[in-house]
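What follows is chain A paired twice: with chain B in the first complex and chain C in the second.
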Partner chain A sequence: MRGSWVAAAGRAAGRRAGEGVAVLLVVSLLTFGLLSVAAGDAATAIVLARDGVVSAEAVARVRAELGLDLPAPVRYLHALEGLFRGELGASARTGQDVAGEVAARLGPTVTLATTGAVVAVVGGLTAGAVAALTRRRVVRLPIQLGSLALLSVPAFALAQLGVLLFALQWRLLPTQGIAGWPSLVLPAAVIGLPLAAVLAQVTEARLRSTLREPFATTARARGLSPARVLLATALPNAAAPLLVVIGDVVGTALAATLVAETAFGWPGLGDYLVRALQFRDWYPLQAAVLIIAVGTVSVRGLAGSLAALVDARAGVRT
Partner chain B sequence: MSASRPLVTLAAGALVLALSACGLSDDGAAADTPGEQVLRIALADPEASLSVQDYTTSSFTVLDQVFEPLVRYTADGSFAPALAESFEVSPDGLTMTFALREGVTFTDGTPFDAEVARTDLLRWVEDPDNSFLGLTGVTESIEATDEATITWRLSQPYHSALNELALTRPVRFTSPEAAGEPVGTGPYRVESLDEQQIVLVRNDDWWGGTPSLDRVEFAVIPDAAARVAALQAGEVDVIGGEYTAPLALEEAAALEQADGIEVLTTESTTNLLLTVNADTGNPALADPAVRRVMDLAVDRPGIAEGLFEGRATAATTVFPANVPYGPDPEAATAADPAAAEELLEQAGWTGDGVRSKDGVPLELDLVLDPGLLPQATSLSQAVADQLGDVGFEVTITPLDSTAYGTTVSARDFDLRFYNTYGAPYDPYSTLTANFRSVQEGHLFASPELDAQIPAALAAPDEESRQAAFDATWTTLEEQTAAVPLVQLPRQWAIRDTVEGFELGATEYDLPLSDVTVSG
Partner chain C sequence: MTVTARAALGLLGLLVLAVLAGPLLSPWSPTATDLTAVRAGPSAAHLLGTDHLGRDELTRLLVAGRTSLGIVLLTVAIALPLGLALGLLAGWRGGWVDSLVLRTSDVVVAVPALLVGVVLAGVLGGGAGGLVLALAAGSWASYARLVRMEVLLRRRAPVVQALTLLGARPGRVLGVHLLPAVAGPVLVLAGTDVAGLVLGVSTLSFLGLGVRPPTPEWGAMIVEARPHLATDPRLFLLPMLALALLVLLVLVLARQAQAWTTHGRPAVRAPGHRARPAPAGRPTEALLSVRGLTVELAGPHERRRVVDGVDLDVGRGEVVALVGGSGSGKSLTAAAVLGLLPEAAGAVAGGSVRLAGQELVGATERDLRRVRGARVALVPQDVGTALDPLRRIGPQVAEAARLHRGLDRRAATAVARELLVWAGLPDVDRVLRARPAELSGGMRQRVLVAAALAGGPQLLVADEPTSALDAATAGQVLALLARARDEHGTAVLLISHDLGLVGRHADTVTVLDAGQVVESGPVAQVLDAPAHPVTGALRDAAVEPAAAPAPPPGGAPLLLARDVGVRYPAGRWSRSALPPALTGVSFTLPRGGGLGVVGESGSGKTTLARVLTGLQCPTAGTVELAGSTRAAGTGHAQLVFQDPASALDLRQPVGAALREALLLARRRGRPVPLGGPPALLTRVGLDPELAGRRPWQLSGGQQQRVVIARALAAAPDLIVLDEPVSSLDAVVRAGVLELLRSVRAEGVALVVISHDLAAVAALTDELLVLHHGAVVDRGATPAVLARRRPGPPGRPTPDPARPGRDVAAPPLVEEIHP
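So, the complex of A and B:
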């Protein structure tokens, strides 16, 4: 019995890894395709930055230097081949190795995404559980209105509002930049709170329906407190679907750093990606997009595998 | 119970990771030593390197602290000594003599003498990449006559020689031993440079005395709204400047009301133009009447008041009156749609809705890069509406910087916005680079301008020079070489703890050697 669900979970993980690689290839191909059809290329951007205007011959010279005069499929396959050898290439904008640049920018993004995800998961689960446990409107209404408000405010507006109140009005936090933990609070909140709102709504609905199941009624009849019923029976039963949502939430937190980095001037991967895109700079763009995609895909995959694991175990127990 | 454990573990693991990662981010803010004079200035874009030898660095005001020219442009259009203690132009205009300041060294200890100066001057004068600078074409020879004298011979008189020598790139001096590092003779030298900030420290050996600040920190804040918030929160002391950390007009109005902040506004020497691609755009634009109509249909006072909150002034000439030898200012008048329509009828552009002539409709494509001008989007809509009222149809195409540059360079557009360079380039360089047919990227060209512009630059005396420029201004206006819109102000904002802060003579300069910070 025990062996079979481990094997099932293993197979599921293997299938997810395969799907993940396929997703990454599609993402990479799509990004390259879109970049190829955009007006201008890295050679144009270099000449523009250098001379202010572009002349056909100057662009042609730079293009030949960078190997951008080769056909697009050849360039793409060349980059892909390098990737499989573990080479991320060099940036046309700065001339530096992408690996080093990305490494320097990974820290801020990982910090931001992780903190945002923690805010989302802890805040979302707690608010959802509290709302599910009680019938009292004084508790439920603020949670419901709060999550509705967080869901309807665009991230940029939330960022500005946060700066206005916490940095300018009360002077508690810095307006932007990356210096110590105070500078982490606002961007993490901007990433985490809207996701916490999503998670809170799903959690509340899930737990409520689980609490109406016969086994919950039985547990209550046996004299367990509502909180214990929730923790001991409802939460394990709701865990699998919640884990899938949490995977989505954490994955989205990674993507949401893009907006937060721009608004708060964090020199992370999102900012790197935007600059690479504006410069039509393929190697940095490829690296940034793939790292974000790998993060998102693996977090979702991990959550999915965990859900399968939890689900199987729940099944064994009944 | 057990099933919820992975969840808890995951959350706990993430928290540990987040908190541990926090530690690494503290090195961004270097602790200031008490009593140190530190000025913090916002910078919109990070720089990968600082160089005046090519065109890769666009943070001019950072370069200005580190690198110096022979002469400096002053607000009244005259020139002040810098690395040249004095200078003289011969009566025939063919020889310039510069007496170099003695005892000047680069911050790496290399002496700055006539031989070093000559080599560095030839670096850019002989480089064909710099052909937009007239000196590259008229230089006969540059000699180090003695250790402290440079004698520069020209093949013909060239009036804007000193303007070009006051520029930042590519003309200022770099140490011959610099090997790619930013080493100049200026009041500050570079201590560190990364994506987040550029830190400059005082050059104690500066020839001009001891600079007042210990450090100047340029903090990179790409978002315009975040810069304003950072100033209000006291995280930076200075924001603003076209090439430093642009301050939007509407934000300046709000900052004026804020406590502890002073907004500095002065007249600029640049005009914002709506330029027409008369060569390769819609053939209608080759008709002078059509261009004249556009000039009549645009409501400048309305735009200055409505879109720029009254902080810009309506422009009636291609160049503002305050550039050297500038045109006489004219009173701005409101749009005259009736006259515009009458003129179009006379010129044969007829029809209801979108007018046309010989099968060519008055359909124009206006390209813009919102990143270049914050008001570009609303301005383009106003212009499209006003031209629409008299029978044009204007399509607005917003592009990112690379796509915009590509489109403009391929001359694949009908209309676009353009800011004249301003002092110390103007009027010479904008005329040379933008209104002559030999320049590939010109805004507008005609045989008359091709003859008049070189004549103005080579005029031997004040009187003939003014006359030649006046003839050029008349042609620009008669041919509607561009539609002038507004003259935008130069805007900066500082905290009131900053003392002695004055705007440079141009947006490319920022004098900081006498600034102090209190509190």
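So, the complex of A and C:
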């Protein structure tokens, strides 16, 4: 029996990987389907941008150039095949190869999302653990009110508030672009703080319910301090559900770059996606959507597998 | 409703009203520009000033609110009913419908809502219609998943089984019983969803994908204020605050609703400890001396005193039993001795608890920590959950030795090893490395005793240490506690509801009732000549009731089981088929007869109950009830469950539940008993006044009586009882057994499935012993019981393939070697 939890966790991870691939295929199909419905606009938009006037022949020529005149299933298979070869098509707006543009923008986005996720996870876990451990209102109230406030303001307004205070009022941080770590502070905070608030609330609730379990009482009856019960018993036992939430939080941090990058002119994938969408530039759009979806789905899958591992060790059937 | 909830609701109402009535109140048009009054400050004409195009800010804020709320409410109006319907369908139907709904929602949930919303809104084009569709596409899935999960959890719940057996159709079960139960969580989700959607609408506007200017919208207003951020932050702050206020109020209300649906009542803050000054200079002979102990709990309206002036002494090396029914305050007394009263319930202790002269009531947490584990240790009640499932046994047992005796890891592990050997655990080196799930219930309870002794305490507080164990294992654990006293000189405070059990192991007994000591003295004296009626009731309940009434002779058999077998299909990816849950079970039961079924957990007892009532079809053989093979929903057979609370709809008053049962029975053409709910309640020994109460306002014994009354409403020929008294304490148990005997005497046949041999003996005259789904012994109940008492063939051998499963080990009594 011992050691079989490794096999159980392996099976769970395999199942998750399969589900992840299926989800991504469906996402690619949906993205493709939606965009091919709207693709007529793209050709028109290109002609309009290039020639200044729209003529039926010019639009038809552009559609043929882009391969938009082929039947939709054929185009989807072409696109999927290209995807595996790393060929993501060309941007209608800039004429550049999408793969190259995306590669250049991946780095800044990963930096930003990772920093934001670290803020969220470290801040959220700490605040949640502190709130769970103490009964003193002086400590709990600021955490509860702070997280509530962060959840009530949209991220872009938070960004604007940050600019107002830290850039315009106190002149501490830059407002736009990418230039060393000071430019990272505001975008990462805009991504990380609301997610930290979510995580803090879940952490507090989870830890509190774990601390009410009989084994936590047994540990206290042995003379352990509440802090040690929290670290040695409650945190590991709350780990599985918390890991799932952390997976969600990190995945959402990746998607939150859409707003933060647009607000701060950060030259990453989120900014690229929003621009492509506004211009109906559909190869870049598809590439950006798929990359962000791959990122969020794999982060969640990884966290879910880790949670299954923890559960399997405790003998919980998954 | 709390003050916070009331305030939030009031403010939200005002806000919504202002937003709705706003355009009527204001003389300005939200889009009329006035370039002569650009970015004017607040004035009498423009209460909040004007924006960069000279438009009235207040009017724009209010109209913007209407835009946001309209879009959000429209979205919820689409997403909620859609999700609710799909969730109900998926949870109830299961199968491919469930897979389809679940997989579709998987895709939606796996991709962040922001991404879904942005892409859809972008592709569908701006405007309110596209926005609503884009948001609803991401929103329905969470409703569907929540409702599906809630329905799935309840679909096989005892209450649904009971209603099915009474003849209720799925529409009634879903509409009348499941939907109201799901409404609370759905409401909470809707609150969080509305908050998220308000943020989403503004975020899409910010990205240029939502409401287009000049239509006022909060998000768009924030964006428009951007160029003027340095010169006029008012234009940014006002819409942000309006937006944040709305979201904040909705979130606060959702949270209050959640607390309300989960707890039912708000928590009350507990005042500090109050210690009554103990008389100074009094010599204390006893190790533990409790004087005038009171414990109060925070109630919904007032504080309830649940322990009321308890006096108790435990001498060194003495075993003292503290006995009482449920709710007598015995467990809270034990918790007070350890300084571990439940804070969440607002428990406060008063009076005095002295351990070897040291006052524990009102002691600081720091001082209590030096006492717990070192001088007083706890042997907890529930062997299933009292050990940390993630940590190995060794460190958990060694913990107190490391903490209080200053031993290093190696020395503490040696102590743990020694204690585990002492506690009689086999293969100790393997146990030290094992996790709790790998041990059986009896082994875990021994581990808990060893862990309690590791700190070298003078006193063990054993809180119902045997209630989760079968009789044989319970005896061994009590013998182990007695050895702790004999060999280590440890005094024991033994908390129990079973006077018969503790009578054999304690020196003195203290009997509690309603928080007060009603009797106290040496065991022999209290048991032989109880001075208080409660003690008498506790003692008599422990004595096995008389044998079952004989069945009426002659007549055709009521229930006929021929070669019944049940085999569950193996999992899709599983290589080996599961062993059959039941195989080759045959018996007959006459009208008014009584059949007992015993066997360890996993032996197929509950499957048999489902098959006999017709809730489940056997995969082999036939079950014939009253000459027909179709029994479910006809009312002929009813089921009574182990946990009565789960068999009742907690929202439905008792009288309504009984009326519903009578209505359903009448529709099925059953000869229903006369007199309606009051007569039924009287029949099961309850006051008809209770008809207006809801199940959670009743005690466990009263709930079980209501379940029996509901079963009787269908005038059944057969009642199958699945562990009917195992969740009840001794006195209540005796009363319910007596009721069931009278039900049987009236001609209703009983099948009693239990590991409680006394209950089986009291109600049945024939007995089947199940082992791994097959009948391994049968015959007249007294004969089978007598035959199987000493070392039976099906004795509890440790089964390596199913560790931890034999918590309720076979009902067969093992020899005890103290």
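Just so it is clear, the second predicted complex is superposed on the first by the 305 of 318 C-alpha atoms of A that agree within 3 Å, B and C clash if a C-alpha of one lies under 4 Å from a C-alpha of the other, contacts with A are read in each partner's own complex, and residues count from 1 in each chain.
Convention: contacts are C-beta pairs under 8 Å (C-beta built on N, C-alpha and C of every residue); 3 or more make two chains touch, one makes a residue touch a chain.
Given the structure is predicted, the values throughout are model-derived calculations rather than measurements.
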- Query: Does the superposition put A:S183 against chain B (first), chain C (second), both, or neither?
  - Reply: first
- Query: Which partner does A:A45 contact after superposing on A: first (chain B), second (chain C), both, neither?
  - Reply: first
- Query: Is A:S298 touching the first partner chain B, the second partner chain C, both, or neither of them?
  - Reply: neither
- Message: Between chain B and chain C, whom does A:V163 touch in the aligned arrangement: first, second, both, or neither?
- Response: both
- Message: In the overlaid three-chain picture, which partner chain does A:R220 touch, first (chain B) or second (chain C), both, or neither?
- Response: second
- Have a look at where A:S209 lands relative to chain B and chain C in the superposition and call it first, second, both or neither. neither
- Query: Of the partners chain B and chain C, which touch A:L35 in the superposed model: first, second, both, neither?
  - Reply: second
- Task: Tell me which partner A:T126 touches in the superposition: chain B (first), chain C (second), both or neither.
- Result: neither
- With the two structures laid over each other on chain A, which partner does A:P267 touch: chain B (first), chain C (second), both, or neither? first
- Hey, what residues of chain A end up touching chain B and chain C alike? 38, 160, 163-164, 168, 232, 236, 262-263, 278, 280, 310, 313-314
- Task: Can you check the complex and tell me which residues of chain A touch chain B?
- Result: 38-41, 44-45, 48-55, 93-96, 104, 107-108, 110-111, 114-115, 117-118, 121-122, 125, 160, 163-164, 167-168, 171, 174-181, 183-184, 231-232, 235-236, 239, 243, 246, 262-265, 267, 271, 278-280, 306, 309-310, 313-314
- Footprint of chain A on chain C - complex, ascending: 103, 106-107, 110-112, 114-115, 118-120, 122-123, 195, 199, 202-203, 206-209, 219, 222-223, 225-226, 229-230, 233, 236, 240, 243-245, 247-248, 251-252, 338, 340, 343-344, 365, 369-374, 377-378, 380-382, 385-391, 399-400, 403-404, 434-438, 448, 451, 455, 573, 800-801, 803-804
- Message: List the residues on chain A that touch chain C in their complex, please.
- Response: 1-2, 11, 19-20, 22-23, 26-27, 30-31, 34-35, 37-38, 135, 148-149, 151-157, 160-161, 163-164, 168, 212-215, 217-226, 232-233, 236-237, 251-252, 254-256, 258-259, 262-263, 273-274, 277-278, 280, 285, 289, 292-293, 296-297, 300, 310, 313-316
- Per the touch rule above, chain B residues touching chain A in the complex are 1-4, 6-7, 10-11, 14-15, 17-18, 21-22, 24-26, 28-29, 46, 48, 54-56, 58, 129, 195-196, 219-223, 225-226, 229-230, 232-233, 235, 399-403, 405-409, 440-441
